[in-house]
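The letters A, B, C, D, E and F name the chains in turn, as written, and every chain counts its residues from 1.
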């Protein structure tokens, strides 16, 4: 099976490489992963504004992915940008890591916390938890105050802060599951899980496994819930 | 006070004219309304896809509106496209007609129904009701099966269908307030209200009055909930 | 347009004067405001008991206001006393400041806190937030421990305490909008907003602007939700 | 133990007699029931307006009941008029039949319907279900279109209609428990239950048994939730 | 009336004796209480696992109780083990102390906290609050870290800890009612209530009074919600 | 990877064979599936009673599965019997098909309906939807009125009825996704999906793919949410 992973930002070779390498750890042997990024859009996604300016270019990649016979699409960002529109456009499954990781987290425990990059993205997660029906399961959103584009170079500091904030989420906010609040943290869940002794959900791998699962189950998104957009003039 | 009404579609002189004329009925004498539309984007908004391809161009108009010293902005579409992002970008109030009309409807009765254009936009309203916290107040979403761009030429048929669907909403779904589910229906609430004897909320005028109210109250959107996007490279 | 503001307590000239002066700042030029108070009832409203003993006299003023051709009525107290009954009695809009300010606050941010007068009114606000459907948006109710009738003479102390409790609401409870929890605090929002840098909703002005908006929109309360009481013997 | 049943309307000897006789069937041998009614207020309660004009006189009876050493108070009307205020005023338990019957119904099945007197009281029950936290358990509110004061003389017709509406509630609305929506229906649950084969909750007897239970358990209403009203001038 | 109290653990004479003695304080004079325990199952219930291994033996006692003409059954454990199944098996009311005490607590205040035995049973209470529809009323679950079987011998220590945790629940978590989170704490509510000055619900007595109430009201569990299990082969 | 599928009923060779064959269609090549059934318990699960009498024997199989080095466990019944207790007992993931299929369905559309075997299991699904947090996503529970043990011999009739009830769920209840309400329907989703053109979730395959996903992701159930039961005497 072929899965298209859209990293919905301007080309970032370091991030693409890490993402590819990490997903390679989790994918099935017969899964082929292709990573694409955007020619236009933001260098990273840290606001609803970034999501909106990325959206039209994500949606082009979504259409191309279906034409190129991919079996599923992952929009590789915890904002799940353009997810609803993407599901309208194509017939193959489109998965968002935020929704995928909240779904798994809701099964693994009673209440999850999200630990993310910056304070200013905190309200985005409360909104998406409400959108996906998990508001009462979200115990807190915490952050390490490191921008997406500095995660890699501050890796040790980031891992320490992620563990510290997760501990506070467990002790002060009642979390029993942690979700990494940025796909740029990919791979960091393993060490955290060893230290924290509770499940730590890494969103892109979670999305990958749900994508593979839907393909095997021959399930896709309901066209009653996400109907094809009517034909009309559109200047893009 | 100056209010910028962004009609978030490709230029449509008929619709702009009706919108201007109708809002003129409702605005305060000292309110100046400017209507702008998009150079790029969709000819009408009838899907999440349409919302996403309109969004970047809406956001440009949003920034311009603040620079041009408008006091508030209305994004004149029942999809409230790009609303969260717009609120991040500027300090003046940005109002969406869907949120504005649900807020008023929630005060006027116990349960409201939305009557909209096409079957395929029905799920969009369930999602926005959940987003704004009014899911348990929304009794049904009904539709007249007429596309946005045909409303004007089928005006009599549309008004009849709106009344018929509203009657069913009242009798079968328990609605005690009706919201018009498309800003293209502007002006039709008056006759409906006379026939139905319950409140019928016309979304663009509702948004206009909330905008004027916030300006007078010197209230704007909370920057803790909608923080400024961080600076970074963005190719638009 | 003519709006009747019922201050639902025994005559209190100082409070009426401040209320009139403050509402004058916010009203439209063509709005005429009349303030009435009660000949019977409590000297202030700080319990459900106070609300109930004020109610029959409020309702008389409500009937009179419609007979005297007012266009809308505000029951000027954060308990929204007798609001449902008032909406049954008349055809013009009746607005309660608690409902009005929660509606606006729910649009301005993700979660609001209410800062009120006394500890013993705290549970009243949790009940009204539930009644109006905003329980999940209410982050906390805090208080300054000053009775309504001492607000004016302790004005500086009250303003300081309001700001301090609001800061705690923001930092400890996650609020991004503040609602003043007593109409006796009228006018204090301005300075608070300058200090706190988030929206502070002043309830009576908020109610005034919603009243003006409904009048302009020719919208009133749904008679399906608030039907006329049947005729019968009533000894008052 | 001594329980004061306040029938919160103008003296109605027929209703008082039936109420006394029926409660006598359900009360414990050592329970003494006293029935009091109002000198002022409405002849029956069929609107929020009726509730409000009854409230001050109910509250006088509530205070008297505590002074006269009653052990608990029942406000014998499905509107639960003045319930919150009554709980503030006294230290003994005050029970409302609406809350009492919803509590029991929520234990007896998954979803209950209320069958009441008139169409115009339907919205009152949706509001009280929300107030008490049972909105998602309330499947429908149906009515027999007979005013409270005609129940006794149309007894056979009322019983037939109650059964018919209950059957529709079961078959069309998914109810598995029925609550009688007026304390004037007292005694009619027995025959209904025999016909319908599901639990039919008679509100006044339900309130009586909860009152006896609280007395035996030495439990009363929390004074943190219903604090004593502060002292002040009150003209009643 | 005859009520069967199933203590759903291996025979524990001390606990049975205390339970009998305490219930005797609360029961009506004409109520006969029989206490039965299990020949197989766990020595105490402190996990979902304990509940499940007790369940088949509880259900045998439930069937026997109906055959022996009991009028109601109490499953005397705060896990309410096998409650749904028991309600399917018999026609007489079956009461669980957790549901019974949450119902009463929801009437006595705005938010209750549960103080229980061990940290590891905390998630069980969040699940049962959600099951019974009281999730938004449960402010916290606290514990004294004493196993069920050591309560009696550490009685003084336990009472002190219960009071301390309850104080924290009131001050830090906003509780205005306390529920004892283990039927092994029976009798300790009295002293706590004197110290805390808010209602403290003792679950087994609460269940007893609700059982007596249902019997008097001739109400039982709805067979539409808890239908008889179909006949089939079952090896137990 | 090795997955243990516990069919929680008395040995049923036909069902085991079909289950094995069907799961074989969906499993990854490197997944080994073992099917075990119970020596004691019910012949099928069609009530909470059946779930409870199966539970202790399921839990023995759960313990054995971990000792025999399985990587995950599926309790193959739409009642998810003994799921919470199983998660307490072991460290490997334990999956219930009801929870697994509701999770997937909640991602595939806005509202799902469940079509099950018998009328008397309908309330069980409403309870499990509430337990798992999907009550507002469940549009209806419909049934074909065929017992579990007759599904195989009435296969054609069952498939026709499943399709008919699903059509009603779509048209009358607003469902956009269907969940098969019994693991005995395994394999029937394919044809239904072709006819209905919306996703039809087959619960056991859904559980299988989630189990494989969790194993690959090295995620298991949170031990803070499902702690190990304390040691004690237990007679089973």
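Before moving on, here are some points about what is shown:
Keep in mind that, in the parts below, a residue touches a chain if its C-beta (ideal position, glycine included) is under 8 Å from a C-beta of that chain, and two chains touch if they have at least 3 such contacts.
What you see is a predicted model, and the numbers here were worked out from it, not measured in a lab.
Averaging Cα atoms per chain gives one point for each, and the point farthest from that of chain C is the centre of F.
Chain A and chain F have Cα centroids separated by 28 Å. Along chain D, residues 110, 123, 127, 133, 136, 176, 224-226 each make contact with two or more other chains. Pairs of chains meeting the touch criterion are A-B, A-C, A-E, A-F, B-C, B-D, B-F, C-D, C-E, D-E, D-F, E-F. Interface residues of chain C facing chain A in the complex, by the touch rule stated above, are 110, 136, 176.
Chain B meets chain A in the complex at residues 10, 39-44, 46-53, 55-56, 59, 82, 84-85, 87-89, 118-120, 123, 127, 130-131, 133, 147, 149, 224-230, 232-236. Residues of chain C that touch chain B in their complex: 26, 28, 99-100, 103-104, 106-110, 132-134, 136-137, 170, 176-177, 190, 193, 197-199, 201-202, 205-206, 209-210, 212-214, 216-225.
Listed in rising order, the residues of chain D touching chain B in the complex are 123, 126-127, 135.
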